[in-house]
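Chains here go by letter, A, B and C, matching the order in which they are written, and residues are numbered from 1 within each.
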Amino acid sequence: MTLQAMKAELGFLSRPDGSSVLTQGDTSVIAAIYGPGDIKLSREKIEKATIDVVYKPKSGLPGCDEKVDERMIRNICETSIVGSLHPRTAINIITQEVQDSGSLLSCCINASSIALLDAAIPQKFTVAAVTCVFDKDDELILNPNLRQEKECKAAFTFVFESTSYETVATTSFGSYGKEQLKTALAACKEASKTLFTFYKDLLTKKLSKD
Amino acid sequence: MRDNPLSICEREFILAAVEIQKRIDGREPYDLRKIKITFGLDYGCCHVELGKTRVMAQVSCEIAAPKQTRLNEGTMFINVELSPMAAPQFETRSQDLNTEITRLLERSIKNSRCVDLESLCIMAGEKVWELRVDVHVLNHEGNILDCANIAAIAALAHFRRPDVTVCGEEITVHPADERDPVPLSILHMPLCVTFAFFHNGKCLILDPNEREERVMDGKMVVSMNKHREICTLQISGQMLLEKDQIFRCTNMAVKKVIVLTELIQLSLENDSNARAAGEKFGFAESVETNEITTEYKEESEVDMSDIDDQVVMATQNGNSEDGSIEELELDMETKVTIMFEGTGMIGQGGANTWDMDEDMESDLTEHKQKPQANSRSATIAKHIGGDLSGESEEEDTVMLQQEDIGLQSKPIISSEEPTGNEIDLTAALAKPRGKKKKSKHKH
Amino acid sequence: MEHVGKIFMPGDVLSNLQASQKSGKVVLGPGLKCDNDSVFVNKPGVLKHKEPNFYWIDSHQKKYVPTRGEHVLGVVTNRMGDVYRVDIRGSEPASLSFLSFEGATKRNRPDIKIGDLVYGKLLCANKDIEPEMVCIDSTGRSNGMGVISCNGGFMFTCSLNHIRKILSPQFNLLKTLGNSLPFEVAVGMNGRIWVKGRSIKETIAIVNGLNSVEYMDTNEIKVMCRKLLDTLAGF
């Protein structure tokens, strides 16, 4: 099983406090972080940072599906960020779809994760998401493209954390058996390790001249 | 979030520098910043970098009814998104800047009739193509307008719409693999050039950056094509301009416009050559890999050899490392207690002290059967079961099936919700009452 | 210790930290957190160590988080009674009393306008309360701090690691540049730098020079400085 080629750039945009562009296969996403910054009094949380996620589709206005994805990224980031270090502040995460060729959600999560590293927001762990599908012959495919995503029997997205590779979030659709879930989880877990190494390589390169 | 405040010291320095024809970024007064145009994998997607200002435009189209006043013309809609990514103060929608840019783009592109809208007519008075140009401002370092204009025009020139054939009353839209999509006919390319004025209109510079924009007295936007035709001209701000200054600006603008048009044409050509030759193209390719901030990882194999063994082992004895899923599932089976449809309980909460009437109990049994019906994992299925049927508040609401609303690509929308360690039952919990009513009705 | 100088990611656990011989304690700086007797990294970066027992993570960051005792460059944004609100690029503005200037009394107020640049020190910075800035040291002397008069100088912003690089004795940037191109400079740890050269042209050159060094090593910096001078001389 193969995991597609990946390419990432840190500090892609000059204005945000942290930003990244991530391309996995053909799917590209830009993510940007602002914060910890000032916040409206009404939205302020006295004991931790308020995390906001905005997902921007390439054409049209965000609909229900996009809001669900936004919510998911927000929940994931909320678990990874140590918000108590910056009470009464806002951390805004913005993800922009650049090219959707399948596995967009996992690419968004990974791009946000890289942007959080670029912004050096304190985190308990980093996260990495992997999408996989079972095609009609019950073959497992990692990071499927659009066609494979459409024709699959079942699709999963698993999000893992970097310390003990536990699952942070999952989402799935289609019909599948217990066995398949296990295979998918195990495969994605293995693939996520590649992503974590990639994150580290990326940071190592950036910090190499310090 | 608040924007960076402008200090007196920056203001005075910029003013002093402009007076002696110098700029902070080392440009001459009439220089544009470096421009980079790249196209996406999809048709009609264009990224433009003007210095560090970055704009992405995407053109899309669909079939719609024409305007009553122009029955044989397609329509065009320009939507400018000042993404909160571009600058911290762009958090809230509907700002003056957004309206200003949208209006100027409309005037420059739509009102100059650079796209032949008549060719977008499929059946006069009934069906025409509706073009939509989404302009996303991704990074605000000044002069968004010029950058957005270049992106929008280049995206329109790059766009291909699907081919259609009309046979009597029937319209067939051919997908891209059946027939090659058709480019739009672009009659000319109007491009905006912005001039900023300082010292009461005495000093002028081209393509102001973010700091210069905040210091300037006013600006003049000229939209022009390479045939020296002015498409839009707008002067804003508090300053007085002399007539020959406007002439000077337009003469200068036309030179820039010719260079820009050539650049757009060249990048369009490069892109189509790369596509034809089957080379790599698109936005991702434009990201340099040899810079210090970038990293590239080639396609890699994920070692599955021991995973298969693990899964087999896990299913055999259920005790190995991966057996945890099974345990989790079993846990969920026991821990999610459904009192009646629409509510749930997980974890160590005490026993329910609420009375259960017959209705509730019958609901409970009915609900419990649901998960078995589809083979989604138990946790998710219960959640959906609660969620979907909770939609109807009133007794005589008709429930739409997925097929009815044409949502085929994603079987069940709410299955996309995070269902990791926490199950979001808030939606389900919110409407237990409507639920009860409804199921009563059923019985 | 073998960890020092290596790159760590959030979630990594550090062990074998060298404790002070006297107190048996380890001092953890930014990016490190102690939880249940183990030390966790929570920012990506390089682990640094200072004798005897100081450890911290050097990370690349743009947003400033106020820290007590740091020198910052602020922009006055508002005036509320006796205090000025000063933007220091943190999550909230710092307060600066008009009395915390050298020689200021209730009668003799400093002349400060909105938009002025002030160079000061953070007297108090805590995640839970508003930061407070002063422009005098404990003896009441200005010690170089105060309002920066703006005739000819320019202020620009950059990332925090960039600031540390500019100040770092290892790279010796300010001196290399200043050897042939004299200039005045005020560097705030909050990512703001104010420079003033002999002329506008020179100031612009210095700004661009300082701006370009973020990812340069010592040799590259030397080359850059030489090139900059050549361009200025009109090569």
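By our rule, contacts are C-beta pairs under 8 Å (C-beta built on N, C-alpha and C of every residue); 3 or more make two chains touch, one makes a residue touch a chain.
These are the chains along with the protein names UniProt gives them: B = Exosome complex component RRP45; C = Exosome complex component RRP40.
Given the structure is predicted, the values throughout are model-derived calculations rather than measurements.
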| item | value |
| --- | --- |
| Category of the chain touch graph - line, ring, star, complete, other | complete |
| Maximum centroid distance from subunit A, chain identifier (CA atoms) | C |
| Comparison of A-C and B-C (more C-beta pairs in contact) | A-C |
| Inter-chain centre distance, subunit A versus subunit B - centres from mean C-alpha coordinates, in Å | 17 |
| Length of the line joining the C-alpha centres of subunit B and subunit C, rounded to whole Å | 37 |
| Whole-Å gap between the CA centroids of subunit A and subunit C | 32 |
| Touching two or more other chains - residue numbers and ranges from subunit B | 2, 292-293 |
| Set of subunit A residues in contact with two or more other chains | 16, 34-35, 37-39, 90, 206, 209 |
| Overlap residues in subunit C, where contacts from two or more other chains coincide | 215 |
| Of all residues in subunit A, those that touch subunit B in their complex | 1-11, 13-16, 19, 21, 23, 26, 28, 30, 32, 34-35, 37-39, 54, 56, 58-60, 64-65, 68-69, 71-72, 75-76, 90, 92, 94, 96, 98-99, 101, 105, 142, 150, 159, 167-179, 181-183, 185-187, 190-191, 194, 198, 201-202, 205-206, 208-209 |
| Residues on subunit C engaged by subunit A in the complex (per definition of touch) | 7, 9-13, 31, 33, 40, 42-46, 58-63, 65, 91-92, 127-128, 161, 165, 215-217 |
| Partner subunit B, residues of subunit C touching it in the complex | 75, 77, 87, 89, 113, 115-117, 148, 150-157, 194, 200-201, 203-204, 207-208, 215 |
| Of all residues in subunit A, those that touch subunit C in their complex | 16-18, 34-39, 80, 82, 85-90, 117-126, 161-163, 196, 199-200, 203-204, 206-207, 209-210 |
| Subunit B to subunit C touching residues, read off their complex | 2, 4-13, 16-17, 20, 22-26, 292-293 |
